[in-house]
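Chain lettering (A, B, C and D) follows the sequence in which the chains are written, and residue indices restart at 1 in each chain.
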């Protein structure tokens, strides 16, 4: 066989070459599986589900291999159709992309079990469609993470949006109205992205990120470039559900099917935030985004943090409260980007990972509570800690993480963000972090109090929550702790890269 | 160089939490686990004593928490005092709470013992933390671990007390986080140094003042300094062993120790005097001392009176650390231990009175001295100690504090100390008087003590307070530890 | 909601009108868009892949991966409609009386009978001639679907040459998969994804690209046709319970008349 | 900076965009919102195609037999290729939107947003 004839060191080189060649498979595996799922599901739904799960598992291992290779040997580039950029489309995975890719793959795999559990009541082709859309969503999000071409990013943004509209609409009756509102606002966002890209294309003539980064400094002075950036950022702000533009998120999170929620809640906003990071720090870095533009972005983010926290206070339904809390937490990420120094950006990227884990743990635990009592409001979960001690503990760990209690992971991303803000002596932003954590304490402890301190009303119907829903919550809670303790290993990989790659000092 | 004993001291009780939770159904096994953990922890801490007394600082660095900042545990003299106090009193409190809980048949005992173990391990972590970030990590862990204890008996009043506790401590936690981040920004990778590490930070005095303010708010809530003390009386609704833990063993003591760390080991006496904040903090502490005592006078509930007495006693420590002269710092560090022993005795007595007679108001205690001589005897001994009468631990620390006040040139605080002695006497003597001299004289009263596990701990701690008064270096050599830390902090070397 | 819209419109309007003048003038040959990347496309597509239609070369080869994404977008839309409106109304082989005449008056019936074959033939022409004249996969697929949907509209809801919802789903997915497979072949052979010049065909590199484009165009056509039919069918379908109610009402009506 | 008449297309684009945006956000009827969304997407298509223009250049299909077309003779094919995608995305979104509207109408018998929200609130209470 080819491999054993080659001495060991070469096999490493060969393996690296193989992974370098197989990198786009991170998107192609779920894509191909999605295309085959409806056909397979018509024959036998069980086989289709194993096929989908297997594809996501393989995809997760590949993403781990790719990210380790990137962290070991530097960015990987892949030219589609044999055409080098800027002629053809290019996939490029740098250190930060190598962090996001396994994150997307992991969450796709993790909530695939609980998402597909929902299909039992549906006809086979209905189920096949649900699984195909779920795989398309993970392919779309992975496509956004690894692409190096701005228009290709739009295409995969649209794939993930369309599949999210459908996944949200698959929930209860009111979900269809929420999905329609999400469709309208989401298509505004995607069209803003294309429109902003149009401006930049008109000025630079290219769609490739690296090439545009070279050609932007010459034209950054003109108003059109700033307008392009403004439209792109506005589009992504809608996708990230930043305050004033977050209208669609609470309904979408509340009425979406619980199975898919850990995936949607964790990753959707983060991938858009990552796209913003690529635009701000890959494309616009050399051109130096206008100082006051970033400053304005910072104030929008701060407003979003405060508004999200305050709005979350007033909610009885936990899903809606978690949606508003996501509005606040994504504000942390944007604030980290707009502060701009290496610590703040590291904090923002780390917070993307941490918040993805914590928020999806909350939703997974909530899914288990809902499976048990059928209700998802604060009174509905009263006294559940006695019957479901492990899930309640998982929810508490995630909640304490979001508040920022050491040694959980939320604390460390907040540490970097505040460290960055102090270094840039942006004192109002430091105050914003503090206030929002306190507000977070209030609305999370209200739930913890209800879980542990109030007695359950015996009348409510009680089913046994299936293991496939509880397991993700426990696994994620463990991850929250592990990410906290080993946050240095996660950070160690992309701080030098950001600082090294001429990023913000 | 990597001496892992401090790490084991912290981890042993964390490790005990698992077995405690698992042996929920078998109380004896659960108590056994607590005892084993307490004994092991005490053993580890005492094993560090000779090395520290010989001037060494056994330390160990674990994984990095942030770039350039490791999870760094180091046993220095001041840390040793707090660690010894916490581990010793944990054994005594475990014994006491077995008796108290068994007697009182209170529910949720497993949650109590588990969070108690986490509290003590974070207290030891705070004692041995070598850099501000590690200190913050254990400080917030303590905050979270104490919440289940404050809301222990799940009553509406307890939940409200818990909410108040959360409001105070989490706002403080944010201020402390910002302060720690700012200090690591000013002096990257700094560890606690006797005499403070901020002197070379190059920050302007105005910035340093704000930084100090943030630190004091962050830690002051736990140290129950006057404007920030609101949560402590509200937390009195918890059962007595919890109050004992809150007051004497871990929580509030961690706050006071935190103030010592900030004032002596981050800012340092010379820097404090330079930015003119030493008299400000000292006067706030003095105000708390007097204010706390006055509030204690007004309280009729025994435990609430003891709570306000803690508020005022803790500010002795803050006062000593703020004054900055060697004697004051030594007195402050010694008072951490002295107040621990005395106050825990008072709470144990209050608990044993409650289990036996369900009296909570001071007026009800008439004639109790004859029925419960040992409990009331210990109570009187500890009360006198707190008032600062010679031959008791309180006197040693008060004497050094007064000496320090004179050395540092602010004589007015000596007057404060004397005034507080009278106030202490004013709010403790009525209790002692009603217990021994009032009540119906005539009928013969038989000896009516509670279960041995309830009256033995207060007796032990009262005797320990007496012993500490007479021989300040009794067993744990608190006095020498306090003075070594004080000399190092003020450069007398 | 209205005030938010006025603010948004006002703000976007200001940005548009303020920044439009700084865009390059329309039609200027030296504008960055026309001078940086597009000259390569214009000058090299005929020699690279023997395809005069420059847009087709850009769509299917230079930026072929975009079009794979596009085809997936279409398939996603189809599957989304199926999931949202997946009320399963199986095709009935023998249409009832009303189905036949729901739209079809004799005039429409005759016109459709004449028109549909030419629509389908023109669709195939547009597909296969996409290399040389404006056209290609998407246009071909839409025309194919138009023909089938015209028959449905005229001949009533439930008969459309056996292309019921199940086949439409299979059509949509297999079309997209054909496009995906063409790219996968070169990747499995160790070359780059969608690199048609490495296809295992006994032809010159340019002709291999030409054939690759054709294969991809066919995939797109099948996908678009399948999806269009699927979406039409979903929107057109009535849920189970309404269906039964309709049929029973019909039967009652029929008894009433006889 | 280009003169007013040189960038006439972009005024058209701006107007279409604003009409679409207003229609989507302000119109109460959901179907109208969907139509406004199409106007919004058409505006972007016009915007891109106005980059492709080259004065004196013909449509991007090389005549038969011309092996090396000159850049100046043919307009820029890239925006046309991109707008093919935008059209397809527009169709996809409209298709899904219509499907949602059909299912909403079937469930609530109305497409007017105020009425709809009122019905949902009454059911929820």
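We take it that a contact is a pair of C-beta atoms (placed from the backbone, for glycine too) under 8 Å apart; a residue touches a chain by one contact, two chains touch by 3 or more.
Note that the structure is a prediction, hence the values are computed from the model and not measured.
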{"item": "Separation of mean Cα positions, subunit B and subunit A [Å, integer]", "value": "44"}
{"item": "Distance from the mean Cα position of subunit D to that of subunit A, given in whole angstrom", "value": "28"}
{"item": "Separation of subunit B from subunit D, taking each centre as the mean of its C-alpha atoms, in whole Å", "value": "69"}
{"item": "Where subunit C and subunit D are represented by their mean Cα positions, the distance between them in whole Å", "value": "17"}
{"item": "Residues of subunit C engaged with two or more neighbouring chains", "value": "4, 16, 20-24, 31, 33-34, 37-38, 41, 63, 66, 69-70, 73, 76-77, 80, 84"}
{"item": "Per-residue multi-chain contacts in subunit D, two or more chains", "value": "17, 21, 24, 51, 78-79, 82, 85, 89, 92-93, 96, 100, 103"}
{"item": "Residue list for subunit A, restricted to those that touch at least two other chains", "value": "151, 155, 158, 162, 165-166, 169, 176, 179, 201-202, 207"}
{"item": "Chain-level touch network, classified as line, ring, star, complete or other", "value": "other"}
{"item": "Chains touching one another, given as label pairs in label order", "value": "A-B, A-C, A-D, C-D"}
{"item": "Of all residues in subunit D, those that touch subunit A in their complex", "value": "17, 21, 24, 30, 33-34, 37, 40-41, 44, 47-48, 51, 78-79, 82, 85-86, 89, 92-93, 96-97, 100-101, 103-104, 107-108, 116, 120, 124"}
{"item": "Complex contacts: residues of subunit C adjacent to subunit D", "value": "1-2, 4-6, 8-9, 12-13, 16-17, 20-29, 31, 33-34, 37-39, 41-43, 45-47, 52-55, 57-59, 63, 66-67, 69-70, 73-74, 76-78, 80-81, 84-85, 132-134, 138, 227, 231, 234-235, 239"}
{"item": "Of all residues in subunit B, those that touch subunit A in their complex", "value": "63-67, 133, 136-137, 140-141, 143-144, 148, 151, 154, 159, 162-163, 166, 170-171, 173-175, 177-178, 181-182, 184-185"}
{"item": "Touch list for subunit C against partner subunit A, complex", "value": "4, 15-16, 18-24, 31-38, 40-41, 61-66, 69-70, 72-73, 75-77, 79-80, 82-84, 86, 88, 165-166, 169-170, 173-174, 176-177, 180, 184, 187, 190-198"}
{"item": "Subunit A to subunit D touching residues, read off their complex", "value": "151, 154-155, 158, 162, 165-166, 169, 173-174, 176-177, 179-180, 183-184, 187-188, 190-191, 194-195, 198, 201-202, 207"}
